[in-house]
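This report concerns only the one structure given below.
For reference, chains read A, B and C in written order, and residue numbers begin at 1 within each chain.
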Amino acid sequence: MSSIEEFYSLEKDKEYYRDLLEELGKVNEKLNAFNNINEGLSSGFPFSAKDNLCVKGVESTASSKMLSGYVPPYNATVVERMLRNKFGFIGKTNMDEFGFGSFGLNSQKIAKNPFDEHYVAGGSSSGAAIATAILKYHVAIAESTGGSIATPAAFCGVVGFTPTYGTISRHGLIDYSNSLDKIGIMARSAKDIRPVFDAVKGPDGYDSTAVNAKLNSNNTKHIFVVDQLIELVDKRIRAYFEALLDKLSSMGYSIEHAKIESTEAAVASYYIIAMAEASTNLARYTGFKYGLKNDNFGESYNEFFTEARKYFGDEAKRRIILGTFVRSASVKEKYYYKALKVREVLSHSMHEILEKGFILLPVMPVLTPKIEDAKKLSPLETYKMDALTIPPNLCGLPHISFPYAYDNGMPLGAQLITSKFNDYALIDFVEEWEEEFKYVFKYNIGAVQ
Amino acid sequence: MEYIDFDRLLKICRLELEPDEKEKMQKGIVEVIAYFDTLNSFNAEVEGRARKEEKPGVLREDVVKEFDDVDGLLKNTKTYRFYVVGPKI
Amino acid sequence: MIIGLEVHVSLPTKTKLFCSCSTAASEPNSSVCPVCMGFPGAKPMLNSEALRIAVSIAEALRCKISERVSFVRKVYFYPDLPKSFQITQLYEPVGKDGLVECYDGSVVRIRRIQLEEDPARIIKAEDYSLLDFNRSGMPLVEIVTEPDIKSEESLRAFITELMSILYYLGVDIEGEIKTDLNISMAGERVEVKNITGIKNMIDAARYEVRRQSKIIEGGGSVISETRSYVEAKKETVSTREKETDEEYGFIAEPDLTWYDTKGITRIEPVYADKIAEGYAKEYGIDKKVVLDLIMYDRDALRLIERTKGAFGMKTIINGIEIVKKYGDIGSEQAFKRLLDFLQNGGYVDAAAFEKIKKGEKVEGNVIDMKKIIDEARLLLNDKVKEDYKKNPKAINFVIGKIAAKYKMNPRDVAEIVKRIIDG
């Protein structure tokens, strides 16, 4: 039974939602899962929306100061579909500004790991993962560009599903990198992901990349491990991962090894494309149509814009500068166009393997870092942490992250990747896994006694 | 590695940085670009300058459907007699 | 002198290029939505009709049509550009490598035809600007020519020809045509931007040619730059270029991927110039006379085509000229009654026109040829005949007088008058 069915079958007293919100508010003070909580929630199975999703009448900032005060006059399609299916909107979740980050540090309020507040929650959908880990009955609508669902899901010990690019409409998603952005779902079980995915997927008259595709569930019982990527992983993680492979082998999966040469170029290619697109998306924030306002209209427009744009965070500024550079006419050939080509070559190599079976990888090459340690990383060191999540994201491939071990009480996540439009095979797989493995949660806000 | 005229780049981005902020930013950026340069050794024999999606984009019928909350849009802006106020040109 | 043009035309769609907002709003900011105001989260959806018209234009201008059409983002900062980038085309435009054959025999090659969005309307005020986003996202087609135009006459011929082709595709651009001119006389290219209307375009070209000639004659050299046309002063002034190609930083528009043009039904082109030429050859009439009638008039063309077997071409042309003078004839049947009336030696005034239109009988209004010839003979005294030998225009007053008095077509009167002079 999914927890959604369970929730509706439970007897709840009148004060249920009030008590739930009160407790959530307290825990949120500590962990910074939500940018705002819907105090009016009074019905439905709770769902949260990442703060880069527009919710009509609710401030939506993508955790950016530039967008403070922005109240969208419309709902993102995914939000609209959740509401239509009687889910109850519980609030907007914290994230790295505009999705720029892997650890949840690039926000005005640093997201904290629910297993230990000294550790990062992962990013950029940090709040979505924390909310899922602390609320007993809840699903999160999150978003991934280069690993922003898998990473926080792994660090917070929840299931994070990133479907094929284009299966869920991006209408109303505040853009980071349009050719890479994918809306996805986090939950405490694959059983909860299935009905939510059913409710929100499908074409939309407001997003021309939202495709009408038949989604499959093909499982060949073959799992491939990509050697070059495993080599990047911390030894301690490798030991846990080997144990996972043994376990899957005992469940009837054949484990095979594969090589993909272009993975080395994937990280650079990903960041070039993502930043090039991001720098154009962020050009619109000029301080007079929405969000933060510059009232000094008498300044000439260039000074006016420059004045307004100083409110971007450091990482946003860095990506605007880098993205603008790589698409400048004189160097575009060697950066931007080259990156597009790498993406194509990598897509082709991945496809060849995925035709035969799944690809399985750890999500992160390192154990959950402490907040203070993650802060010390240089931008480049941080980017390189995405080496394992970038390949499926760069190629628009569906993948799912699930907890498979606990190291000193902190969860570890693995990600299963499949070919485009075989999304349901991932949900089936994790449901099968959940029969063998019990997830651990430290909080159960909203549990009914 | 490419020569980067950092001040010009900032101007194109319409960004201004404090001197100490600028130095730190530039250092990080130079490091990242040097890393991007590793792509040069990658030999990708692929044609084209656009994304190779299998499926074409979806077209829209030419039928008027007015947005239902124009006031909500304009509430985010400063207006003067129906016009949106912008900076001086 | 060598001129190349970039012509921007608005497309006659009901909705904007990337959103369903109406293109026919009046009160400022009444036809706006998150897409055309560049709000966070909104995505463009391409208007199928705009694509169809753009492909039809490209085909009518004999371009190669890209099978795959895609878009790019052109980034620059200006208050009228809501996303701070314009969605336009670069690598896979709607059409490439076409040509226009003009009525004066010149050929202008078309480099590319692209579909793009219009920015908002911006009004300059002392300490701020005012924006109307109704215009933001209106569909535009940009037609870029090669530098093939070598004289003011060719410029006029090209633009007239182009407008006629567009007119017959349903793209009526009278008055609203926006042009950028590239003029180079000695190698250096000068771009004159933001010219509205045909008269201004020709005036700007004339001014710029004179300006550059003077510099060259004076031994100076023209600098390559961007200028803009100041209508009030009828001159061009140097402007600081807003952005360069380096700064536009074009990237593929990721929200629109690509579009297939193979299955699109095109609007059939009509080349009025070619049709007039055909009539001129077939019926031995002046091509220019026919062309003037049909260049921007699909009703006239239809009436000619429907009646050309049954009536003489001269009568038909007369009939069309009368219709243009007195207004709509109503039906094809009424037009045929008009031609019958003319063929039987009638002349048409406003009252007769109304009667013919309604199908009533016209009494009188018959041209008395003998009376006309007598009167013409009287006016054509020896002095006039003598003057005529030196200056053929000397008989114009005779033609004018008779044409006015008997409500006749001056061309027909001219024929009679010339016959008298020739004996």
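In the analysis below, a residue touches a chain if its C-beta (ideal position, glycine included) is under 8 Å from a C-beta of that chain, and two chains touch if they have at least 3 such contacts.
Computed from a predicted model, the values in this text were never measured in an experiment.
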* Pair exhibiting more inter-chain C-beta contacts, A-B or A-C -> A-B
* **Furthest chain, CA centroid comparison against chain A** => C
* **Centre-of-Cα separation between chain C and chain B, whole angstrom** => 37
* Indicate the whole-number Å distance between the mean C-alpha point of chain A and the mean C-alpha point of chain B. => 21
* To do: Starting from the mean Cα coordinates of chain A and chain C, work out the distance between those two points in Å.
  => 53
* To do: Going through chain B residue by residue, note those that touch at least 2 other chains and give them in order.
  => 12, 14, 49-51, 53, 55, 57-60, 67, 73, 76, 84-89
* Asked: By residue number and range, which residues of chain A touch two or more other chains?
  -> 70, 73-74, 179, 205, 208-209, 279, 286, 288-291, 297-298, 301-302, 305, 324, 328, 340
* For chain C, what residues touch not just one other chain but two or more? -> 34, 37, 39, 45-46, 77-79, 127-129, 247, 249, 252, 254, 256-257
* Quick one: which bits of chain B touch chain C in the complex? Just the residue numbers, please. => 12, 14, 49-51, 53, 55-67, 70, 73-74, 76, 79-89
* **Contacting residues of chain A [partner chain C, same complex]** => 52-54, 60, 62, 67, 70, 72-74, 76, 170-175, 177-179, 205-209, 276-277, 279-280, 283-284, 286, 288-291, 297-298, 301-302, 305, 324, 327-330, 332, 336, 340
* **Residue ranges of chain A touching chain B (in the complex, touch as defined)** => 56, 69-71, 73-74, 166, 179, 203, 205, 208-211, 213, 262, 264-265, 268-269, 271-272, 279, 286, 288-291, 293-302, 304-306, 309-310, 312, 314, 317-318, 320-322, 324-326, 328, 331, 334-335, 337-342, 344-345, 378-380, 383
* **Complex interface listing, chain C residues touching chain B** => 13-15, 19-22, 27-34, 37, 39, 45-51, 68, 70, 77-80, 91-92, 122-133, 247, 249, 252, 254, 256-260
* Structure fact -> In their shared complex, chain A is touched by residues of chain B numbered 2, 4, 9-10, 12-17, 21, 25, 28-29, 31-33, 35-36, 38-40, 42, 44, 46, 48-53, 55, 57-60, 67, 69, 71-73, 75-78, 84-89
